[in-house]
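Worksheet: the structure to be examined is printed underneath.
Chains here go by letter, A, B and C, matching the order in which they are written, and residues are numbered from 1 within each.
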Amino acid sequence: MGVTELIIVLALLQYLFFGMLVSRARTRYGVKAPAITGHPVFERYLRVQTNTLELLVIFLPALWIASAYIAPVWIGTLGTLYVAGRFIYLRGYVQAAEKRSLGFGLSALPILILLAIDLIGALRLLFAR
Amino acid sequence: MGVTELIIVLALLQYLFFGMLVSRARTRYGVKAPAITGHPVFERYLRVQTNTLELLVIFLPALWIASAYIAPVWIGTLGTLYVAGRFIYLRGYVQAAEKRSLGFGLSALPILILLAIDLIGALRLLFAR
Amino acid sequence: MGVTELIIVLALLQYLFFGMLVSRARTRYGVKAPAITGHPVFERYLRVQTNTLELLVIFLPALWIASAYIAPVWIGTLGTLYVAGRFIYLRGYVQAAEKRSLGFGLSALPILILLAIDLIGALRLLFAR
């Protein structure tokens, strides 16, 4: 192993970094806690963090389960695509809400593939014995 | 195994589906990103997704740990109750905020049972040796 | 083992408890669902829950992976610091938004340490063979 753990750590560090960007945007655009609205750029940073949380919660278990079924090179490829897609999502969404689709799609695609692998794997474990 | 993995995948697919409903409601009710308020029906869909995220983060590790202590048939039963409860929660909450209690309770109950199993299991591992 | 599982269960129960506080604050301060704003104290309770979710999603996998690399006593120490830090965060933030920093720092520190351990561990698995 090692690849799965590395991808997980990179995805967690990326998410932590997105949280730091929200914190910085909160200061920079004068949105005082506990408010979560008040400046459009802050709100876009917050949505990047929240949407990443929403995907991360699917990505991590899906990747972990899939690592029992597919080779590390595929785990690494799908994981890298997810992390890269999230950075593209960040860059696009912060520029304008309309520019969030590409990065979203690139990071959602590996999650859908992982879920399909997990589903096939679980069904084979259940029925193929 | 296989049962635990299958329940996890089903819960993740359900959560992904709830996210797609939020995305559709965003378009249908004209709530432009990054706004998260603006139409009561959209807000109810968003709360369904958010509340499911809040429970999912407890459900997944609680189920995973419990799978070392209880038989697959119980994992399957508790997991199915959670997923079914979440669909009832969705249907109720989207109709009216007051109708969200039944589904919430049905999906929270298996989580509480799983946490109790996990707690007993962890304490036995720590003290019973 | 047992220590890792116990810490995970305690962190999950704590998060569940924070969710119950939000639910109580919703009733007490008259913020009707699906609204998530409307009273500053309710909003601070909600932010405590949300921020705890944001950290929990990093903490749980980081702790789980680290449990393969470091002794249970360290898992217990870092885990206890996280849980204690979150209670201090709750107490501070509910009093005033400005008082949230200490608890945040105390619960973020063990997460950063765990991520560093995970990163070193994953890189050693990948390269040291």
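Convention: contacts are C-beta pairs under 8 Å (C-beta built on N, C-alpha and C of every residue); 3 or more make two chains touch, one makes a residue touch a chain.
Predicted, not measured: the structure shown is a model, and the values here were computed from it.
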Pairwise touch network: line, ring, star, complete, or other: complete
Interface sides of chain A and chain B: same vs different residues, half threshold: different
For chain A paired with chain B, centre-to-centre distance based on mean C-alpha positions, whole Å: 19
Of all residues in chain C, the ones touching two or more other chains: 36-37, 53, 57
For the chain C and chain A complex, residues of the former touching the latter: 36-37, 40, 43-44, 46-47, 53-54, 57-58, 61-62, 65, 93, 97, 100, 111, 115, 118-119, 121-126
Contact set on chain C toward chain B in their complex: 1-3, 5-6, 8-9, 12-13, 15-16, 19, 32-37, 49, 53, 56-57, 60
